[in-house]
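Note that subunit A is present in both complexes that follow, paired respectively with subunit B and with subunit C.
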Partner chain A sequence: MEIFSSLLGGFGTLFSSPHLIAAIAGAVVAGMVVGALPGLTATMAMALFLPFTFLMEPATGLAVLMGVFAGGIAGGSVPAILLNVPGTPASAATLLDGYPMTRKGRAGEALSMAMFASAVGGLVSALLMSVLAPVIARFALNFQAPEFFVLAIYGLTIIAAVAGKSLLKGYIAGLIGLVVGIVGLDPIAGQLRLTFGSQALYGGISLIPVLIGVFGITQALVMVRESSGVTERPRISGRTFVSADDLRSSSGTLVRGSLIGSGIGAIPGTGTDIGAFLSYSEARRRPKGRIPFGEGNPQGVAASESANNAVVGGSMIPTFTLGIPGEAGTAVLLGGLLIHGLMPGPDLFTGSQSSLVYTIFASFIVANVMILLLGTLAARLFVHVVRVPNQVLVPVILMFCMVGSYAINNRIADVYVTVVFGILGYFMVTHEFPVSPLVLGLILGPMAETNFRRAMTITHGDWTIFFTRPASLVFWALIVLSLVYVWRSARQRRVQEPAESEDSPEAVRPT
Partner chain B sequence: MAGDSGRGTPGRPAAAVRVGAADGHTGGPRTVPLGMAVLLLGAAVAIAVDVRGYRDGAGGEPGPAAIPILVALLCAVAAIALVFQTLRSTALPGQSAPSVLPVRVIATVAALTAAGLLLQQIGFFVTFTGLAFAAGLLAGARRWWTSLGGAVVITWVVMIFFGRLFAVPLPAAPIDVFLGG
Partner chain C sequence: MRTKFIPAAAACLLLSACADTATGGGGGAGGESDFPTKPITAVVAWSAGGGTDVMMRAFAQSAEDHLGQPINVVNKPGSSGAVGWGEIAHATQPDGYTLTMVSPEIGFLDEQGLYDFGLDDFTLITLLNEDPAALAVRADAPWDTFEEFVADAKADPGAISVGNSGPGLAWDLATTAIERSAGIELTHVPYDGAAASTQAVLGGTLDAMAFSIGEVHPQVEAGEMKVLGVALAERLEALPNVPTFVEQGYDVEIGTFRGIAGPAGMDPEIVATLNDAFVEMAEEDTFADVMENNSFGIRVMETEEFQPFFEDARDLYVDLLRESE
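Presenting the complex of A and B:
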């Protein structure tokens, strides 16, 4: 009951400030526009907007980030449906039935179904997040330094899960993040480390310029390298709204997709694409209706889009309650919390800042309602968005990156950090080193070290503290399970690779 | 993962856009992985040198050097593993070396670096108009004057938007002040 009254309080804050509602609407549209541009992702959109949210009130800034995140994932369905190109990896499953619908002249219905499903998935996950997050946070209030250390180690092991093709490359990216996290004053004793006499490095390397570099500048460089924009002129024909029959037949799929997505999102290291594909496979196992899957079945679109937006809400549960970002999007969101002085973790739900948390949850719910309204009404306009050429996008992205990294602290050193990490990220993504582990390493490394040393100080160097507390043992078990899963997946991949390598070239699939 | 990159084309999903379709070749498929191994070894050496000056823990607990030493060891091991993996990997017959640094990318990096260096000397408007103009051309703009016009407009809008609306103190030269920044 307390949770619902807190959530109502969050809605009260939102609806008593019209500028907050306007900011969420603008953020949803901006997120959808970026998501609709093939190849540009919700994560990149968030990284670009992140420094500017710092210039806003915390509630406004974080509401904007939520809107961009939800809108970006939903917008990714547009090029998947219109062009057979997933705007974001989250929408890779959407094109399987979305594009066939376009070819049959049902693009309007497909887009409408995608937006409806995104909104349903987002709303279900938002409600689950609002109910479960405070409960988990209350439980996590009992955690102390040893538990948080093991939890951070668990977070670091999931680097393997987000590593893409090569485990080694994923771990190397994570190690780079750990090294970067060491730079500056050490968190316990105040020892200067790896600064080499440079005063600019005393405070360490900030997370935000690194995020902007590896997601923004890197993307711009990849676009410059490819320099091939979209040339196809998609058309939206047929009805704009999904039929009542299709809605009725997809209702079960929508609910299942939303629940699958929420559950998958709550597990660190999974991500929107996994949630969408799992939901799609689940939908395929059931009676398919009059149109087979893969040939333009609206249920395929519903399954994928409900799940990928539900993952967003689910993934915020470990981020808000434990400070463990499961993937790149929530890592950027965590950066947003940090720049507003909010320390993710169970303490976030107690004290004066708890009302802000519920305002953030309420803004995510409102953002999903706006996806439904704005996405459905503006579907026809997206035809123009997907055709914006690289020569327009690249200068805009670069300028936002440079201005954004400067705006945080008005320091030119942050601009240099952004450029350096942008170049590093470019080399990484073009050689299948995923960049997300770098960000996770940079966030979780200092968290692991701080709690490790705190626990060691309390126990005067007694290592058994990490293996004698019940919650720590649960996390160690999760670590072992994750490693076994990763090892088995890698072995399966090695078996499959020879067959695949004969017909598929190396591909850019940076994560 | 949401942190994806790669702008695709119709019928060729972003996730399947092949690297190395651009012009100019500077380096082969092994250059960057080996370079990454060198970077890791360099980090390991730098940490090993730096930790010699750190204090010890006060009451028998690990001091500020403990985690950096562990990370340095992991870096060294990972670097060696990467070298082995890279040298063992063989390119498929007929596969050309992916282009690591097309001229356009080098020029974009140069433009970014120049912008970073010049920002405080010549102010926001001139620096970023130059950056946006160069980036537009490098990203494939066919007519230089449209790229220049676009760069001027975008820079001015960004300057007014962030300078006025968000009160970001952007580095200003006389022309910035003249244009309302």
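Presenting the complex of A and C:
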């Protein structure tokens, strides 16, 4: 296979220059640190690194950007697992099972599972990208406004998977998210909605300050409440690496998560967060193993983390082959490509620059191996965070939340949003409302609305376009399946209810 | 940090004002020859990684050497630029130590009530970039010239859909300018930027897109798209085979541009110092390379020309905006 020899050539270039390997390692570490801080995203880290890469050799510069990107997404899982606070939106689904694992003394296992899953997701997507990029890119172009609308509706059915005990409360939370998503300048007609005359709301309420609020601030408030009562501190089990048993039972989830992530990544306009939630909800549908989902099942971590790093690899496909960046991170990467004179397009893989392209792929693969090595190594250090008493931890979390929400846009209004949603989240949690559906509503609502109206504008109001295109039909079928599944499991739950209702006294936390 | 900064800036202003009176405004004031004496902050009203951000960072890196002071780029995105520019317009000392990169939006978004500031709240310094609008379609589209496109648009008004970056923004108005010149009616479809619009054109749901020529340049090079017209007086050097609207008999000259500006009321001496440095910088290869690699067009215009140029552009945009409403 010609592709593999090209890829081997890429590795050759990489391993013949130790400074490249060192640059990738440094980039992965830097990315992980930035990703682990709530509010500082992988995209931001890449944008900051971009000017420095102008001065580097093309191969080094692009390898550094890839390393920061992959490391940033993997790093976001660390606070999600240890503190129930996602470092980036990509890890919002990771905490659903990651944090319960920590509470059960399995922090080390959860972290190493996250790193392992990230690496697997990254590697699978990298292989798909090297072999099938041009084919997948053509296919992904079929994804247009009608498909985005149906995908968003399908995504909203995930609310059932993350709703927890009460489906009704889950949907209420989801509706709050949808309403929050309406605020600001209407993207199609340019009208202001629900801004109450405040210019700070013209641009809408953005995801990250809300995310930091409903998870970070809410979690800190819950910890305050806990520490005034009697709680036992989570232990740390002797195990620092995930068991072979768990890896074996998660293997299917890992592969599915990697494929879902790569596929979602290949569609421009989606993102790491959507990929992770889709994979998580898919994993829940499979036989559950010994521990139920939502209560510390390692497969939940595997599903979310394999998918979000696979999105990174997948999103390079439209970026490299079509010059269409899937989301903000790849937009920065595209900037890096252009700066170094690489013109995206199918020719990129066969033309004079192809050896450089395969060096970039090889460095993405190396970056993912680094995540596994450095990440699991660092995990041994990170786990000690859970030993820190709440009196110290709570102020530190609050500080990082405030700094983080300010740092996104250097805007004090974002800090207010974080605080307001933190308090809202606290009341939701204490009344057993899940917050994940709110986040999903906020991610998917604007996507559904904008694409619905866009499609209707193009067709002059002919709604049959949502049912006549093949890709849309596939998603409609998935929506029906998903709803049938929700209905069936809700019925089963009603039958089992009395037996199950008294478990998990530590259930109070933002999920 | 902030509280310290403002008195310092005020003190600086006071000093330079004193220097002015001392020399009686007789030119070559001693105070300004020292400018700048401390780092300059460059505010980007958009997110990191976007077009303005990339250009500003390239600019900052090159301009530092000419001013002898570091230039720190700060992103203040939000509300379609209203946050970052609003801060410059309303809450910044015009001392030359806080600058921003402006684009046509500051001239007309107050018209829609989105901004509570306008062109008059800024001191324009140097224009660095201009990108004309281009009407681009898929390579296998049935039209090879704008003439053919117009014929089809006249036959079935509103049937052809054209993507833009948002209602009432530059590329939406460029579409209105194209409609006006040819007497046609098109369906305007807003997308989240050029990438999403490109995807829709390549995927076949959208017939055409009106964006900056730089945004479609890679697709044109790759043979995926063709350009029916560029809204510029003469053909672009980089794309000599791409016709202009003007040469096809349609008077469309519109686009977007970016330049450096500060708050209103800056000292002319400081403006001149900055302008000289920026013009010098723009002639160098380091800046030109970054601009070229990102498909940004370079157009340098000194302070005296920049102001009337911007006013003309504003009048055109406001006119189009009223027409489209």
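Assume the second predicted complex is superposed on the first by the 273 of 511 C-alpha atoms of A that agree within 3 Å, B and C clash if a C-alpha of one lies under 4 Å from a C-alpha of the other, contacts with A are read in each partner's own complex, and residues count from 1 in each chain.
One rule holds for everything that comes next: a residue touches a chain if its C-beta (ideal position, glycine included) is under 8 Å from a C-beta of that chain, and two chains touch if they have at least 3 such contacts.
Worth saying up front: this structure is predicted, and the values here are computed from it rather than measured.
Chemist: Determine, under the contact definition given at the top, whether A:199 touches first (subunit B), second (subunit C), both, or neither.
Modeler: second
Chemist: Return first, second, both or neither, reflecting whether A:328 touches subunit B, subunit C, both chains, or no partner chain.
Modeler: Touch status of A:328: both partners.
Chemist: Touch check for A:429: first (subunit B), second (subunit C), both, or neither?
Modeler: First partner only.
Chemist: Once the shared chain is lined up, is A:143 touching subunit B (first), subunit C (second), both, or neither of them?
Modeler: Second partner only.
Chemist: Just checking: does A:271 make contact with subunit B only, subunit C only, both, or neither of them? Give me first, second, both or neither.
Modeler: Touch status of A:271: first partner only.
Chemist: Should A:457 be classified as contacting the first partner (subunit B), the second (subunit C), both, or neither?
Modeler: Both partners.
Chemist: In the three-chain superposition, say which chain, subunit B or subunit C, touches more residues of subunit A.
Modeler: Higher number of touched subunit A residues: B.
Chemist: Could you look at A:189 and tell me whether it touches subunit B, subunit C, both or neither (first, second, both, neither)?
Modeler: both
Chemist: Could you say whether A:88 touches subunit B, subunit C, both of them, or neither, answering first, second, both or neither?
Modeler: first
Chemist: In the overlay, answer first, second, both or neither for which of subunit B and subunit C A:224 touches.
Modeler: Only subunit B; A:224 stays clear of subunit C.
Chemist: Same subunit A residues contacting subunit B and subunit C, which ones?
Modeler: In subunit A, residues 43-44, 188-189, 328, 410, 457, 460 are touched by subunit B and also by subunit C.
Chemist: Could you please specify the touching residues of subunit A with respect to subunit C in the complex?
Modeler: Touching subunit C from subunit A are residues 43-44, 46-48, 50-51, 54, 141-146, 184-185, 187-190, 192, 199-203, 268-269, 318, 322-325, 328, 331-332, 335, 338-341, 343-347, 409-411, 413, 450, 454-455, 457-458, 460.
Chemist: In the complex formed with subunit B, which residues of subunit A make contact?
Modeler: Residues of subunit A touching subunit B: 37-44, 52, 55, 72-73, 83-90, 92, 95, 162, 164, 166, 168-169, 171-172, 175-176, 178-179, 182, 186, 188-189, 191, 193-194, 196, 214-215, 217-232, 271-273, 327-329, 389-396, 398-400, 402-403, 406-407, 410, 412, 415-416, 419, 422-423, 426-431, 433-436, 439, 445, 448-449, 452-453, 456-457, 459-461, 501, 505-511.
Chemist: So in the complex, the part of subunit B that touches subunit A is made up of which residues?
Modeler: 1-19, 21-22, 29, 32-33, 35-36, 39-40, 43, 46-47, 50-51, 54-55, 57-64, 66-68, 71, 74-75, 78, 81-82, 85, 92, 95, 98-100, 102, 104-105, 108-109, 112-113, 115-116, 119-120, 128, 131-133, 135-141, 147, 150-151, 154-155, 158, 162, 166-170
Chemist: Could you pull out which subunit C residues touch subunit A in their complex?
Modeler: Listed in rising order, the residues of subunit C that touch subunit A are 47-50, 53-54, 57-58, 61, 74-80, 82-83, 86, 112-114, 116, 158, 161, 166-168, 187-192, 195-196, 198-200, 202-206, 218-219, 221-222, 224, 290, 293-295.
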